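What follows is a pair of complexes built around chain A, which joins chain B in one and chain C in the other.
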Partner chain A sequence: MAATDDRLEPVVSMRAISKSFGHVQALRNVDLDLYRGEVVALVGDNGAGKSTLVKVLAGVHAPDAGTITFRGRIVSIPSPAASRELGIATVFQDLALCDNLDVVANLFLGHELGRGSLDEETMEQRSWELLRRLSARIPSVRMPVATLSGGQRQTVAIARSLIGDPTVVILDEPTAALGVAQTAEVLNLIELLRDQGHCVVLISHNMADVQAVADRVIVLRLGRVNGRFRAPELSYEDIIASITGVLNLEEGTPEDDPRERLPDGPARPLRSPGGSTPAGDAEGGAR
Partner chain B sequence: MSKFSDGMRTLTGGRGLSQYSMIIALVAIILVFEIWTGGYTLDPTNVINMVQQYSYILILAIGMVMLIIAGHIDLSVGSVAAFVGIVVAQSMAVWHLPAGLAMLLGLVVGALVGAWQGFWVAYVRVPAFIVTLAGQLIFRGANQVVGNSTAVPTPDSYNWIGNGFLPDFGPDFGYSNPTLILGLVVIAALIWKEVHDRRKRVRMGASPQPVWVSVVRLVLLCGITIFATFLFATGRVGTSFPIVGIIAGVLILVYSFVTSSTVFGRHIYAVGGNASAAVLSGVKSRGVNFLLMMNMSILAAVAGMVFVGNAQASGPFDGTGWELDAIAAVFVGGAAIFGGVGTVAGSIIGAFVMAFLANGLSLLGLDASWVSIIRGLVLLAAVAFDVYNKTQGRPSIIGLLLGGFRRKKPNITEEAIQAQPQGLEKPSGDQVDKVPLS
Partner chain C sequence: MSRERRGTARDLPDPSAGYTLRDMVSGFGGRLRDGELGSLPVVVGLVVIAVLFQALNPRFLAPGNLVNLTLQAAPLGVIALGVVVVLLVAQIDLSVGSVSGLASAVVGVAAMRLQWPLLVGIAAAIAAGAAIGAFYGFLLTRFGVPSFLITLAGLLGFLGVQLVLLGPSGSINIPFSNPLVQFANTWFLPPWAAYVIAGVAAMGVLGAGLARRRRRLRAQLPAEHPSVSIVKAVLLLGVLCLAVWYLSLDRGTAVMPVLFLLLVVAISYLLRRTRWGRSVFAVGGNPDAARRAGLPVTRTLVTAFMICSAFAALGGVLQAARLGSATTLTGSADTNLNAIAAAIIGGTSLFGGRGGAWSAVLGVLVISAISSGLTLLNLDSSVRYMVTGAVLLLAVIVDSLSRRSRASRGRA
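And then the complex of A and B:
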């Protein structure tokens, strides 16, 4: 039963997160729970606030309001280093690789091994082990990242996020720039991570990718959560309607009941009309 | 032909001849001036003079290449050197500080100046270009305030660091003994390093290069060393290897190690390659920038003190135009204008190019205005070469930046083959799918 309990307890639980940049309200009252061994897809139109939401978790932006609970403890994430320390690894949309450095240097950037002088031998060895674990196809770890293909760069970025064995892995549009074969490779990688017990957050514009790997789908629209879906009920039409705003969820919809996640849990319709919690929306009916 | 170029490629560790174009340029310049000046360029007296006169370029180029790799620049090095020079000279003339203390004071002043400039660059985020342009004016003015716009002579006990030589000892063979010993030490170190690198490659599972490569490389390097030893050992009576040469040599070794094999060095390249990526990875870019600015000013202080020692006085116009020498040396030495690429070793070769150029032109008695025009053109050509290479999709990145055992073409090891079970799109520079920025 302990294993089940582990899965019932969210690793990360964000409550009422708001963030604005000047007059742009990028996030309004967003709730999000993340569990182990699960792929959560974050979808939404351009500018919906997906990147901002994950950057709050990554320690890039401090939220204006709201709380983040990590393993039952309320935390603040003031810096990318603090985020990594907690066990949250983020692969940013622009990958954040140093093109002039080789694969090994990129993998270990910021966590180089060796005191005084760099321990290149161990780093190279670990790089191979890591890439092999991901079944990555990189011909040489001593090539500058600039000479790799888009898929290989994505793989390096994902591999780098796994150093330090994070609990949560966040991927911001990992397939946006990839071809068909490379996309399939990255999706395989995502499933591999889930099966290894990581909690994966996937941001994507591609519904086919989302339907292929996601266990849950959270739709953001204009900085709000506008819909929550769970596999296998990932209806393409409903998700699109939710993204475009044709379909609206009541604001302040509570996070999913984790018991629903279990196969034998109570089968409740997911998109039940909300109102069960008093919506504490700061903006009033600004929709 | 192709056999020759294959051999060259193996010899140079996969970089091919083009990577060594700067060494070839250096040799060509030396030969041209050697012929042009009727054999005077490589005369021991001239070489020793040159080391003493132009060592400041070597010292400045070390700090400058690190800054340029990180994406900054320092236009104030000449003024900072002059300011430190006058402070050191005055401290001995007015306060009668002993030479050693005066040098220490010079280093401290350099560090303070660097901290000042580093503060603006790293923490206020004013571009280094502007901060050091301001510094150029500020410290030139400060030099003239401290020195009352006049030259201040320095005592012999101090001048030793600028115009001194390794002291001679032992029996007289007609050569300078300390220089011979130094030459032997260098040769031993070269051999040890070659053996060490081969062992390391074996340990890392990379196939070692053919033995003839090591032999040819060692013969070349040792040949140059023996030739240089001979030059310095056969100068005028009372001369041997200059103290400034030792200072520059030690700095080159230390900073080559720092940039290529330490965490700090790695972070310099990361900040220059992609500053936001570096920060997101946990690199403390502000600290890196601050330390680099500070380091540059400390090295400028060393250069200024050495120069004052050689000139035996500190003057109000010391160090004018030094920033050009240092920056040109760095770009001639293969650094990229947009940062992220460059090596200390390359910049030293660039510094030699600039020094031989300046020396040769002055030996020929060319007018100072023409010397200035030529040096300006060299800087322009070096940067144009880098920009052209980049637009041709031939980034000078590969290999250049990684010295030592990493200087190998990506060799397909067993792991590599295991790691690529199926057909793999051939990675090449122009195939990079650029991922759009968010």
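And then the complex of A and C:
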């Protein structure tokens, strides 16, 4: 398949995803398309449904309603292992690193190489290759992860998610606890992943980070998509207005027109309703 | 936002890798300053203990006493080795004493009362230990009861079973002619065999080091200079030969401590070089991360408890063999806490994920040395308890201080 075609077909299509926990409706009829080679930022206030949406993809929560299409085929993601097998890697906020183990052991945790005894040399060599590919600044792969800085730890966690060569990489608040330089390091890394053809889904509260790296921004509010923005016309005020609910740009949940994704395509905002989804009613949260 | 990418992973030197002897020495100094004390405090402590007791009683370092010390240390060391494994997965087993006592009773009953073949009796005792460990693991992973409480219940429960097995007389004598008792008391290696074992160990270290260097060079990784492996092997050979020679001035090198060291080498290999060992350290460091990485957390916990209880059982069998009887006192009193103290004094963290099999050796040497020294001074066991307690406290303080130092240097 040609590269342009590849990038026109969504890798993941979520349609009319709903999920509730008891009386709380966490997601209502959410549609989301993810393409290769782009950074999609999910933003929204606390409790807007960002984490739930991501956890549906990560196989942590099963949706109550809706379909997920992965590379053109309808799939169910019942477990984190199933998600990983599809090629969806998730880096949660707590990073899930073992502080007492070194970088190599953490990178290959659960995927150790070698039969019988561990093949430390091959693992170390691959670790260097992986970290070099990510231009990571880590002095030694034989240091315990506890000795690394926050940015380096984030880098290790992201690098680990790349071990199975995933298509989609989900990052949950990757810059939340980082300083300025370390944030820049992680943002560089996100751009690098996009340039290497991964689809990066970024959950963030930090609008500066979102504006720096995101190609598209999806705003969630009270479990609904409340706005979709494209990188060129990102406006800080619009995003904030959309997050807080002052602005609602998503009355008809328009489809993302793949042609817009071509560099010479029409650069228009995604505000006009496309109406191609069967359950195109954002008010359908009652079901 | 600075977007230049300088100093990528490969360009920078690797400070923690030892390339040459000089790098190794300077790296060691750096780790010491950062609070990565490793086994240094224990070794220093052992030297202090040796000097102190030698000054008080010149018989302390005499070959005869050291031979006795190795015989005393081995059963406790086997138990401590199991405790190390359980501590590494951030759990604890308070019942190792009771389980060792139960195992000694099982051997006594099987070999003496039932007249089973000796090896069958030993196997039954160890199997009983492993079954107890599996039961603990099941309770822990199925119901989430803290291992502290499960094994506290086990401490009482299996002490009861031990008393039932021993019956009203409360003891089963194993005659001195029994091979098990002879193994633990009179089996000594002929000097040439001891030297051969020392040589094999040194060659093993050398061979492993050179093979590792070859693999690393093939993988285009920085590797140690061959001199590092050679010096290590020569040092090891020297120390072992000195020990064998010194012990041979008395009765010589006993078989039981060699068995203990073989078990340590085996567990050390399993912990350092296998998936299971990696899983043990991961579960001890961050069980949640281990689970999410797809590691078999339940299986790791259950096997850790099985190894601990099986080793406790083996230790109990050796203890009964050494004393020539299985009594209600076998595994009672201080066995439990001495084994746990030995593991911690040797440098295995109570908080999981840090330590290693060799800490059982160091810790049990400290405990046995103190006990032997105080016995030579004709001091009451009350004093021994107090001194051992103080040393354990000291070890935990050293551990906490080095943790704090690591934390302040960003090495937590």
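Going forward, the second predicted complex is superposed on the first by the 263 of 287 C-alpha atoms of A that agree within 3 Å, B and C clash if a C-alpha of one lies under 4 Å from a C-alpha of the other, contacts with A are read in each partner's own complex, and residues count from 1 in each chain.
The definition used in the following text is that contacts are C-beta pairs under 8 Å (C-beta built on N, C-alpha and C of every residue); 3 or more make two chains touch, one makes a residue touch a chain.
Just so we're clear, the structure is a prediction, and the values are computed from it rather than from any experiment.
Engineer: After the chain A overlay, clash or fit between chain B and chain C?
Structural biologist: Pair status: clash.
Engineer: Between chain B (first) and chain C (second), which, if any, makes contact with A:Q93: first, second, both or neither?
Structural biologist: first
Engineer: If you stack the two complexes on chain A, which partner ends up touching A:L187: first (chain B), second (chain C), both, or neither?
Structural biologist: A:L187 contacts chain C only, not chain B.
Engineer: Touching A:D172, do we find chain B (first), chain C (second), both, or neither?
Structural biologist: The first partner, chain B, only.
Engineer: On the A-aligned overlay, A:S51 touches which partner chain: chain B = first, chain C = second, or both, or neither?
Structural biologist: first
Engineer: Mind working out whether A:A212 is in touch with chain B, chain C, both or neither, as first, second, both or neither?
Structural biologist: The answer is second: A:A212 touches chain C but not chain B.
Engineer: Should A:A81 be classified as contacting the first partner (chain B), the second (chain C), both, or neither?
Structural biologist: both
Engineer: Which partner chains sit in contact with A:Q152 here, chain B, chain C, both or neither? Use first/second/both/neither.
Structural biologist: First partner only.
Engineer: Which chain makes contact with more of the residues of chain A, chain B or else chain C?
Structural biologist: The partner that reaches more residues of chain A in the superposed model: B.
Engineer: Just chain B (first), just chain C (second), both, or neither: which does A:D31 touch?
Structural biologist: neither
Engineer: Touching chain B in one complex and chain C in the other: list those residues of chain A.
Structural biologist: Shared contact residues on chain A: 80-81, 92, 94, 96-101, 105, 109-112, 116-118, 120-121, 124, 128, 131-132, 135-140, 142-144, 146-147, 149.
Engineer: Mind listing the chain C positions that touch chain A in their complex?
Structural biologist: Touching chain A: residues 1-3, 5, 7-10, 12-17, 212, 215-216, 218-221, 269, 273-275, 278, 281-282, 284-286, 288-290, 292-295, 353-354, 406, 410-412 of chain C.
Engineer: For the complex, give me every residue of chain B touching chain A.
Structural biologist: 200, 203-204, 257, 261-263, 266, 269-270, 272-274, 276-283, 340-341, 395, 397-398, 401-402, 406, 408, 410-413, 415-416, 418-422, 424-425, 427-429, 431-438
Engineer: Mind listing the chain A positions that touch chain B in their complex?
Structural biologist: Touching chain B from chain A are residues 51, 58, 60, 80-81, 84, 90, 92-102, 105, 109-112, 114, 116-118, 120-121, 124, 128, 131-132, 135-140, 142-144, 146-154, 160, 172-173, 176-178.
Engineer: Quick check on the complex: what are the chain A residues that touch chain C?
Structural biologist: Touch residues, chain A against chain C: 80-81, 92, 94, 96-101, 105, 109-112, 116-118, 120-122, 124-125, 128, 131-132, 135-144, 146-147, 149, 181, 184, 187-188, 212.
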